[in-house]
Amino acid sequence: MISGKLFERIESLRLENVTKKYGENFAVRNLNLEIKGGELLILIGKSGSGKTTVLRMMNRLIEPDSGSISINGIDIRKFDPIRLRRNTGYVIQNIGLLPHLRVSGNIGLIPKLEGWKEEKIQERIQDLLNFVSLPPQVFTDRYPHELSGGQQQRVGLARAMVMSPPLFLMDEPFGALDSLLRAQLQDEFYRIKKELGRTIVFVTHDINEAFRLGDRIAIIDNSELVQVGTPQELIFSPSSNLVAEIVDSKRKYRHIDALKVKDLAQPLDKRYILDSGLSAASVLDHMSAEGLEIALVFDSPENSGRVGLTDVMKAVSSGKSLDEALKPLPLFSPETPLLEALLRLKTGGGSIGLVLENDKPGGILFSDRILQNLV
Amino acid sequence: MILTAELLQATLEHLVLTYTALTAGILVTIPLIFLSLYSARLASMIMRFASLVQAVPSFAVVAFIVPLIGIGFMPAVLAIMLRVLLPTIKNTYIGLFNVDSTLIEASKGIGLTDFQILKHIRLPNAYPAIFAGIKFAAILANSIAVLTALIGGGGLGPIIFEGLTNFNTVKILTGVLPVIGIALFLDFSFSRIEQRLTPEYLRK
Amino acid sequence: MKGDKLTAWSFNEIFAEIQRVWTSQLLSQRTLEHLYMFAIALFFSFLAGVLIGVLTYRNPRFADPIFNSLNIVETIPDIALLVLLLPVFGIGKTPTIVASILYSILPIARNTYTGLSNVPGEHIEIAEALGLTRREILFKIRFPLSLPLIAGGIRIAVVFTMGVVTLGGLIAAGGLGAALQNGIQLYDMGTILVTGIWIGILAVLLDGAAGLIEHILQVRYGK
């Protein structure tokens, strides 16, 4: 048993002159970075830029060759690596659920090793599954290969949260998901992030994701930190052409007023569209069969909405109709000005809108795409 | 003491028995494999049967021959051959069919006929597996040849069983040591041939 | 009915013949002896095999010498191995069980070693990141994930053990091999056929059961 909290809260996570070499090649070169307590810092860069190495040094999966990393002023080399990792939530792109353990076994692994009482472990698992919107009665006893990609990702998140770590390290957690599902999970993650109020270091190569989730963004290129700042700072005062290119600053000169919804709408896979007359149970069947995590209900402009797989499950298990599970789905015509569309998406609280062509679903609009173009 | 000439004679008989059965086994394997190339159903039937029979102890197989065709050299050969068939069939089959399917697709794509694919793609890929099968079969044949002494197959077996009956350790060793020698020699020489035949790109 | 000709073809005659062989050759008792030796041998092969597998995984430099030696044992014909043990253990059940174990250790040990060493890196990596110690990774991750492969090794061992235990009949170990040998020595076709078929059925059933367990483990661990 390696119990006990190393720290209740992260005040600061500081990297000083950190260097890591593999043979002759630098993976990380002389990196200085301070992460503040409670913020979500994005590490962004191309593949091979060294961003993942930086992340993996923070829980001592990799030891730097020189320089130091400290949490709340204490060098992390003073911590037992096992204990440090149990105080850190870790989520990776291919999720890494252990195939031989059920959902409960995956989430409860570390508490069990820490010697928690069985009831306490079970209670914690239930709470976490509810928290990540997976009904426990459905998912507790499933094996990872019985889950969809999005569900696996949620379980991965629940597992990372089980010890209530003050620090989360996330390596492209949504990288393997399709764009609609990614948008949905990013929405949920944004909510979770605010509820948790924890310090999060988040690796991605997707600038949209970075803008959407990050408090600050650190751009890493060629093993070196290029610039770190809030999205606004990066956009309005990029330190180099490279940064400008990554954040696509030039777009701010575009005439937003001239852009219409059709300019940024993306094609929509018809599988996602459901008729509104269907029962919750048949929708659940359809979504499971097609492997959908989210579906859009539409048969007339008055009768439409979006629904997630877990909402449908909840509706089925509590005997509600599909209509009660629907969330609002903003509708746009291709000619709607983008500014107006954005405003409606913002007030609606969602990030997905349906674009109608001749009163038929024709495309889909993601708010992060607009945001990026509007900056 | 057993005369050296007698021991030599027995060893020779043992080798003849082993190799006759092994050769017979290989000769039976070849048409079966070619047939199974043309019929997936036949192939799967053969494989199922082979795996099933592989579980049956050798002693039972050897004994079973007696009521069917009696005792003597030929029944002994048949008993050994039946046992030897399984590893050769199984390994040849696995070798021929466990070829990367994209490789087969690509070969079809460049216009190779089925026979050309078999000759140039499947067979070279299968050599190591086929050889491992034959090596295993050879060692197995040597071992069962001892047992077939019980059904009048001759060779080194009778010396061992005579020693067993009289609890004569020297006699037992006189029979057993050449058998072990043959086994180790087979293992060694087949491993060498196996190495030679393995295509360059598959070598470790 | 006893004799050197196969004449028993009607159902009643076949049944009577089976009954005759079963009582005269004490096949119930022979079967129990057989399964007793089988169970003991397999149990110790399993213990020793897994132990050697874990040991070689922990100290890979021992892997080559140990597996090469076991390979030589495997090359020696089973009957020769059995006979070689006689001067040390005498005749009977003990040399039979020891020979079975010597023969069956290799498949279990090698599969355990291969399984433990070849768990996909991503699983190990996530386990490290979650904060599992080396020991916990061995027992909670590597071992369970190797179970299908270890079961495959045990299945091979089941076939080997069955084969050697049957041979035990030749060195006064009892079991079904003894009945088979009686049949050959008395030139009693009925005994050979009934005992031979019975051994075959037992062997196929045990192999099938081992195969089923292997299959269940493969499905269970998402392969």
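We just call them A, B and C in the order they show up, numbering each chain from 1.
As a working rule, a contact is a pair of C-beta atoms (placed from the backbone, for glycine too) under 8 Å apart; a residue touches a chain by one contact, two chains touch by 3 or more.
Everything numeric in this text was worked out from a predicted model, so none of it was measured.
A.B. asks: So which chain ends up in the middle if you average the CA atoms?
C.D. replies: C
A.B. asks: Which of the two pairs, A-C or B-C, is linked by more C-beta contacts?
C.D. replies: The comparison resolves to B-C.
A.B. asks: Could you tell me which chain lies farthest from chain B when each chain's centre is the average position of its Cα atoms?
C.D. replies: That would be chain A.
A.B. asks: How big is the gap, in whole Å, between where the Cα atoms of chain A centre and where those of chain B centre?
C.D. replies: About 59 Å, centre to centre.
A.B. asks: Using the average of all C-alpha atoms in each chain as its centre, how far is it in Å between chain A and chain C?
C.D. replies: 51
A.B. asks: What whole-Å value do you get for the distance between chain B and chain C if each is reduced to the mean of its CA atoms?
C.D. replies: Taking the average C-alpha coordinate of chain B and of chain C, the gap between them is 21 Å.
A.B. asks: Show me the residue ranges of chain B that touch chain C in the complex, using the header's touch definition.
C.D. replies: It comes out as residues 52, 54-60, 63-64, 66-67, 139, 142-143, 146-147, 150-151, 160-161, 164, 167, 169, 172, 176, 179-180, 183-184, 187.
A.B. asks: Within their complex, state which residues of chain C touch chain B.
C.D. replies: Interface residues on the chain C side: 6, 72, 75-80, 83-84, 86-87, 91, 158-159, 162-163, 165-167, 169-171, 177, 180-181, 183-184, 187, 189, 192-193, 195-196, 199-200, 203-204, 206-208.
A.B. asks: Please name which positions on chain C make contact with chain A in the complex.
C.D. replies: Interface residues on chain C, with respect to chain A: 122-123, 125-133, 136, 140-141, 144-145, 147, 220-222.
A.B. asks: If you look only at chain A, which of its residues touch chain C in the complex?
C.D. replies: Those residues of chain A that touch chain C are 2, 59, 61, 81-88, 90, 92, 94, 96, 98-100, 109-110, 113, 143-145, 159, 169.
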